[in-house]
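Two complexes, one shared chain (subunit A), two partners (subunit B, subunit C).
The block that comes next holds the complex of A and B.
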């Protein structure tokens, strides 16, 4: 099956500045989050993805085709750049129609598709206003509209949540999720990690132009076997539980915060084998009768994975 | 963006788009439309050439009317003293300006500053603003090559330049054609029409390239606007100063507007009223400016994504 993107030793240099270095990855179709701090190479990667840049070295294919200057592929992609990119003199409708016209659509088709897309991003009420008067969020939605207007197979979104208020962010995530359900593949870069996590568990993590990790958040986390995972257990008898847990394989450390008042105490465990720990915990709970109230793994989120990886690479 | 409320409206497009070879025309059309939204500067900058066109067309019309020995119809029927005196005064002036080629060249000289203003005003932001806004990222993610992009931008600037440099000259030629007895202008001075179109396009092309080159180098439209005028004025001033200091008129070829005027004198074959320096140097100066400008534009457009 054709992969969404395949990169082999891809590098992109801006003179002496490294935009991307030796990136090798293979991503299946679906939704993928592109993560990394500023200057990580996310935008460079997306520009390579949509064919605006040619790699300085290595090979990159999108949907099985080389993207750079590939007119046939452009029709299958929709790109929402991070930059503002709107002419203030144009109305929202003109903006989207004009870009569809550049894609080769007739005027009538371009207008029809533009209206649909603007309706979909809930900008239909302002589509006849000049974009000069748009708020940041409206401008962002207009850009998203032009990216989805022609029903592309792949939608590439560079920081699409920037400038959106919390409700609009939630709606945007819903929109992207729905597009994904309709069969579109989505590549989304973002700094807001929990928003990526709300949309997908598949991530590509870049840092300083290099590929840091790729795969599901869980898989990536599991690869970090050298870094112990944290587990917080709220229990009525924390000391008794802690003693039993210390005997388990893979448990690196146990810390106890004793109960205060009527509340439970907390046992903070660090384990190098989370699966083994989780499978052993029920037995320990029964044996010790420690009165476990809740079990949490606070560092299983994307934020923690991101932090671990970035910290370990610096 | 509550997408679920619009699922009945939105369906992915299943047809096919057909990018043409002339995609740049779509971009140029949109750029012109967008730029023309700023109506006040358009009116202000087009008003002087428009007024000059009317005046010069009137002079040409009167010149031919005199040539035919009839009082100009525009002054009304003859008969009273006032009309007679008025026609006498106008006739005296018109006799001096009866040559259409002189009129058109004079027109170019009178309005070339406005042509430049028009091109600079509407062209300065063409690439600079795209870079600032990142609009080119949207263009190049579509079936639009960098050559298309450059052509579209060049066409946009040239369109506004031609409003002042080509169209008025053509209007004067049309008036001359219809006012001349038995189409004598068309039959005997057809080369003036060609020279009018040729020089109008030539000057528009040269100045468009200069404006775009400066625009591609600037980070903002305002800077580009300043840069265009700095280039034109400084090159002219430098040429003039060197010519005065060295007592060598050929130095005036450094000035781009002066060189264009020299080329105009050659194209219209008019010896008087123009800077008399080497035509070859003027052509070299214009050629170098043109090639350099195009090279700058092309290299900057190729590197657009780097600075975004």
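The block that comes next holds the complex of A and C.
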């Protein structure tokens, strides 16, 4: 069966800057999330996917075809780019209708489909306004509308949640899930795990232009819970607190920066079981009377998982 | 072929409406009216100014050598580059259309807008020169018609050159300024055969066939051996086809690296 995308040793360079490096993956049709922090190479990968760019090295096929300047493939794709760019002097309806016209639809059909798409992204109330006057969220929805209006087989969304408020984000996820149920394959990039998780369990992790992992959200969650997490505790009696914390299950290491002057000292803990640590900490705090001022977990984000994975793989 | 024609027509129509309200077009309008403004001032100040020589001098020196290249540079260099700068080219190049349709569509609409603006500029120049109170022949069809033909060819060929620069270079305006001044402005005015390397030479050749004696009074006219009009038409047509073909070829292959 034809795969949604197959990449073999794909690299893409911008002069001396590496956008993607030696990426090999195979993704079946369906919904897949492309995750990675800023600068990971997500947009580069999607630009290769939709044929806006060609690989500098390696081969990449989408639905079995080479994407760059491939009109036959473009008829089957819908792309919502990351850049905040619209034709400002057009109304939302004109913008989507124009692009549908380029996809080969008659003027009447283009208008009908454009209205429908704008309704689906809840922009029908503003479809006769010039896009120049749209808010960031409205612009984002107009971009999504043009990507889905022609009923493409594959919808590619580059950071589609940017600029959307929480309610609009929820609506967007519902819309994408609906489109997936209707049979469309969806590739969505994001640097926020829970945004992708709301839509799919299948993810591809990119970091610094490299493929870090491919699998389910569950695998990432396991990584999140298994890799040592850092906790910083500011306390009046850091040594006493550190001694007690060392006795806790799951604590891998403890470092103490003693108090200087009137300020608190800092206890830096690495734990492999953050939940257990957090549930035990109040009891330890009471028992030691260490005078805890604050507790921080600086590496709780997805970025930390990437860093951990990178460290593990080198 | 059908999808190419269809996409070209749709892009031309859409861009035409955009071009009508763009600041770029306003700049072109302002530049196009400068020769007429100059004629208006001269005829108002000098009682000795004659219509035909004034039209010939301002038309030759100001309109054909400066205004036409500059206006087409402003409008033509934007044909591809504006879509890149605005980062909207992504929408067009991920649709099932032949990529050159972008250049052809916008070239058509730009050609219509710029031709209209420049021909209005020529008309205003004609009207302003008509105010001249000095002795001498009026501006007649023998004087004006070859000039209008040269301006029309200038619009088409220069726009095509500057549009194609947009398909090759990230900053076509800068390259275009260099071309307009170094090649068309400088080389075209050097004595000798090097003039034949410029578009200006062939535009002037069209005017040189005019029966009106007023053109012969223009600086540099009588010292140059111009080509016959038929050859000038043919060379301009060849330049147009080659330049457009090169631009379309490049556009079909170029990867535009847009920032997010």
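To be clear about the criterion, the second predicted complex is superposed on the first by the 219 of 314 C-alpha atoms of A that agree within 3 Å, B and C clash if a C-alpha of one lies under 4 Å from a C-alpha of the other, contacts with A are read in each partner's own complex, and residues count from 1 in each chain.
To be clear about the criterion, a residue touches a chain if its C-beta (ideal position, glycine included) is under 8 Å from a C-beta of that chain, and two chains touch if they have at least 3 such contacts.
Quick caveat, the model's predicted, so the values are computed rather than measured.
After alignment on the shared subunit A, the placement of subunit B and subunit C results in a clash. When both complexes are overlaid on chain A, the residue A:54 reaches subunit C alone and has no touch with subunit B. Once the two complexes are overlaid on the shared chain, A:63 sits clear of subunit B and of subunit C alike. Of the two partner chains, neither subunit B nor subunit C is touched by A:126. In the superposed pair of complexes, A:146 makes contact with subunit B and with subunit C alike. If you count the residues of subunit A touched by subunit B and by subunit C, you find the higher number for B. By the touch criterion stated above, A:109 is placed in contact with subunit B alone, subunit C being left untouched. By the touch criterion defined above, A:83 lies against subunit B and subunit C together after alignment on the C-alpha atoms of chain A. Look at A:4: by the touch rule set out above, it reaches neither subunit B nor subunit C. In the superposed pair of complexes, A:98 makes contact with subunit B and with subunit C alike.
When the two complexes are superposed via chain A, 25-33 is the only one of 25-33, 79-87 or 241-249 in subunit B with C-alpha atoms clashing against subunit C. Residue overlap on subunit A between the subunit B contacts of one complex and the subunit C contacts of the other covers 14, 50-53, 69, 71, 74-75, 77, 79, 81-83, 85-87, 89-90, 98-99, 101-104, 146. Residues 14, 47, 50-53, 69, 71, 74-75, 77, 79, 81-87, 89-90, 94, 98-105, 109, 113, 116-117, 119-122, 141, 144, 146, 149-152, 168, 171-172, 174-175, 178-179, 182-184 of subunit A are the ones that touch subunit B when the two sit in their complex.
Per the touch definition, subunit B reaches subunit A in the complex via residues 1-4, 6-7, 9-20, 23, 26-27, 30, 34-35, 37-38, 129, 133-135, 137-145, 305-306, 308.
Contact residues on subunit C toward subunit A in their complex (touch as defined above): 3, 6-7, 10-11, 14, 17-18, 21, 86-88, 90-99, 252-253, 255-260.
In the complex of the two chains, the subunit A residues touching subunit C come out as 14, 43, 50-54, 68-69, 71-72, 74-75, 77, 79, 81-83, 85-87, 89-90, 98-99, 101-104, 146, 158.
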